[in-house]
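You will see chain A twice below: alongside chain B first, and alongside chain C after that.
For the complex of A and B:
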């Protein structure tokens, strides 16, 4: 049991970092749709740089730069040129994914450095909890930190409130003296860097090595999890762990129920759709009107200005 | 303290929105800025609040020339603006709306902010539940929240852009009391409006802006005729409406029940005669809209019969209503009436009866030019609907009413329009009456109801509360009836 939980948390760590990054970006009102491509290109770049430099850390830095650069293109074309974020994001997805396959061809099958395990002394000796939470490596601890900091920033800091304002009603934020487009640009870049780090985590920590199908579909899954989680860091994290659990279960059940093992990884999608149908039902709305706390817990409302361009008229 | 606006120029493309505007307002003054739609008042206020940068000219406060590059600059020197649609964040709490954008340390101290909110709002005579969501506040309360926030941030000059749009009569009274109190405390209050009576009621002094220039300045009171003349450049006389002999019934409702999810109308009997104008009065959401939408075919009655010219339309679709000459002009002109992004010409093509497969764009453009001329729409055939001002959008909608209309349903036909546009709209509408159409309109403007209706139906709490012949009632009685009381 504790081993299973340990693997779920480890398996979900990159997904957690990526979904936190995308949550930050989308809260500011920008959609970075390029996740699938960004992830693949940064996984490849991260592996390549770590392979040549002989050190995993260099790979993470390079991957973060790649993710940030792709995000910067989306933010800049949206803000400066008023291009559609969805269109640019989609084109970048295709471009980055193909670029990764093309550039990374010679790396397939190579073995590179890996992130060393780092059990936390004392804490990892606590029975059960120690094994589940504190017997991991830096990537996993970073995923914990990402959840906590994202949540704290959104709901407990002034800049987090400003960030939400920018994504909700940019003209209102602007009227209050907030630099809407500057914030949007940097939060998008930050979110992109986190996607890049997640990419490197797949090739240097989870799977060790680069191949084309390493991160297949995980970018799309991350986008869906952010929506399913209602742009709330804790619920988004829950979604990421749920997906991680299904992945680990599928892996463990492979020999026993081969059929079920194939179905499990796609189970989250119908679940997400059902959850959204539930949240948008009039029945739930009536409950929400009576119990605001319940509404706040489950209600998922997209930032109202998501995907739009803000111009000072 | 004095606010001095010196020779402000601002143009958008070829349009000179502000063409050398200079205004001086002293401490404790409640100053009205009056002008028709599109006169340049909003542009000037947006320059003052840092939303726009002026091409040239200066804003001087307390003898100091201000640099206003963004709203942040304006707030820093104490200029705050309350926008026509209060710029609050609907899904956020009152408290978060209050602190959003305020300076301070990284960690947000909400308990301290709550104390501040309470302190400032109590001083102003408002009360808020800090945990309530902004979306659950009325427009009036959202304004109060914004006022509280701006005062807390140290505003000394407060700009109100058409603040009475969309608030109830009671809230208007409360708002005016607040504005007077603010001025008494030494603030400079700029009240921007196109409504003459509000400026008369509230302001100590007034500036009239016409076509981007200051054309008149004086302490109040000023004779209303003079202000109208300055606003429009000519004296405007409302047309006396000629009596029209009523014909047979056009619209007939027999114990119709209808429900739109919010308001439920029960067993309603009603008849509208050819050539008759019926006004629907009542507070927003009392059933007027439900009735209009049922007549238009947008809601299906749950019981009873609805017919136009003897044709039973009870279970007939919206298209079927159109076919017998029912036409509906909703209050949301841009949301429901027009299509954002398509031009005047394209709108007219969409509503034309031309059934040819290929569109004759040359002919359509010529036709659009004629319509623009006939309805004096300020715009070009290629102007998209959203580029037209509210008054011009309504003119375009009028032009789209088919020739053979039998029943014309209107929701707030002149809301947000200046006097001249409103008069134009009604002139056109009354022409339809002479052709034997029935006009039913909902309005919150008592004067409009009394001027143009033959009969007034007052709704209260989802049912018809009273029906009056216009000749036998007055504004005072209507006020009582709308509030659900008979005159005592």
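For the complex of A and C:
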């Protein structure tokens, strides 16, 4: 049991970092649709740089730069040129994925450095909890930190309040003297860098090595999890762990039920759709009107200005 | 299309980036680029292969023009192609009778299959509150899972089940080709593809449905205010887009692969989105752009065979072209408006 929980938390770590990054981006009102491609290109770049430098850390830095650069293109073309974020994000999805396949072709099958395990002394000796939470490596601890800091920032800091203002009512934020587009640009870049780090985590920590199918569909799944989690860091993290559990289950069951192992990785998408339909249904809305607590727990509203361009006139 | 100059600059820039990347991986850049041309137009059989790949891309792109006109991001197009192919395969495998009956029935079944799959995404949007991007993606995944299930399960090929696909269809259920110049020409698929572009162009330009659909796409709220039943128009757009995508799937199985394979869509759905983005959502330029793109795709398979390069280079080139054209067009439009403002014009 504790071993299973340990592997679920480890397997979900990159997904947690990536979904926190995308939550930050979308909370500011920008959609970075390119995750599927960003993730693949940063996984490849991270592996390539770590392979040549001989050190995993260099790979993480390079991957973060790649993720941030792609995000910067989406933010800049949206803010400066008023291009549609979805359109640019979609083109970059395909472009980055193909770039990764093309440039990474010669690296397939190579073995690179990996992130060393780092059990936390004393804490990892606590029975059960120690094994589950504190017997991991830096990537996993970073994923814990990402959840805590994102949540703290959103709901407990002044700048987090400004971030939400920019994503919900940019005109109001602008009237209060907030530089809407500057904030959006940097939050998008930050979110993209986190996606890049997640990419490197797949090729240097979770699966080791580069191949085209390394992160297949995980970028799309991350986008779905952010919606499923209603842009709330704790619920988004819960979604990521739920998917981690499905992945670990699929892995453990693949000898017993090979069919099920094929289906489980696809399951989150239909589940997310059902969840969205459920929350939208008049039945749920009636319950929500009577019990606001239930509505707040399950309901999810996208940031009101998500995907729009803010232009002061 | 926007004005020609920025587009031309963007094309040259994309080509330059492509050359740099080829040098980076240690490939002879000009030989590689020549292979793209030679691999897609170098002989009668290669031209025929390019035209055969052009057809489903035309069909998918024409359908996407309709959904884009309604303001919809039909990312579910890949799944609609797949379900169209599944429906056509079902007919080709199970319907007895003369070949031409089977082929006609497969065409109808493919279109209906794609239509229904698209309506599912449509209903999720209009009545379930699920954005079409995510409903569509989810249905793409489900369709991909369904094909793998069919190929490994109920429709597995004789002998050992494998992801290489079902058994080959009986030969009179193949879409017939015109024998000429020593190769078979895919006349029916090309005609279907070109007809779809013309029909969509006429639909959006000259009919009440098309004009109102575009009104819905531009501003659904004001369209609803002047009495247009918005949801019905959105579902109509999904239905047309899905039917054409389903036809693309039919062409893939009955004219190209002659069996159902997991990669049946050929990626033509997503490539179609790039084509329509490059055509700036209009139907007029679809045919030449689709031909250009499909030539890159078909030609790039030669890079793998002849130079040992990854064939993803074709996608890299297509991606840079679309990105640069979009950015270049928006940038020059922006500059023009700034200049107008500086001269004090509105």
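Brief remarks on what is shown
Going forward, the second predicted complex is superposed on the first by the 313 of 313 C-alpha atoms of A that agree within 3 Å, B and C clash if a C-alpha of one lies under 4 Å from a C-alpha of the other, contacts with A are read in each partner's own complex, and residues count from 1 in each chain.
Convention: contacts are C-beta pairs under 8 Å (C-beta built on N, C-alpha and C of every residue); 3 or more make two chains touch, one makes a residue touch a chain.
Quick caveat, the model's predicted, so the values are computed rather than measured.
By the document's definition of touching, neither partner reaches A:186: not chain B, not chain C. Contacts of A:80 after superposition: chain C is touched, whereas chain B is not reached. Shared-chain residue A:304: touches chain B; no touch with chain C. Touch criterion met: A:103 reaches chain C, while chain B stays clear of it.
When both complexes are overlaid on chain A, the residue A:141 reaches neither chain B nor chain C. In the superposition on chain A, A:273 contacts chain C only, with no contact to chain B.
Touched residues of chain A were counted for both chain B and chain C, and C has more of them. When the two structures are aligned on the shared chain, A:175 is found in touch with chain B, with no touch to chain C. Using the contact criterion defined above for the overlaid structures, shared-chain residue A:220 touches chain C, although it does not reach chain B. By the touch criterion given at the top, residues 156-162, 164-165, 168-169, 171-179, 292, 301, 304, 312-313 of chain A touch chain B in their complex. Looking at the complex, you find that chain A touches chain C at residues 33, 77, 80-83, 86-88, 90-92, 94-95, 97-99, 101-103, 105-106, 217, 220, 223-224, 227, 259, 262-263, 266, 269-270, 272-273, 276-277, 279-280.
If you check the complex, the residues on chain B that touch chain A are 46, 49, 51-52, 70-73, 75-76, 81, 83, 87-92, 96, 99-102, 104-108, 133. Residues 21, 24-25, 73, 75, 124, 128-131, 133-135, 137-138, 141-142, 144-145, 148-149, 270, 273-274, 277, 309-310, 312-316, 318-320, 322-323, 326-327, 330-331, 334 of chain C are the ones touching chain A in the complex.
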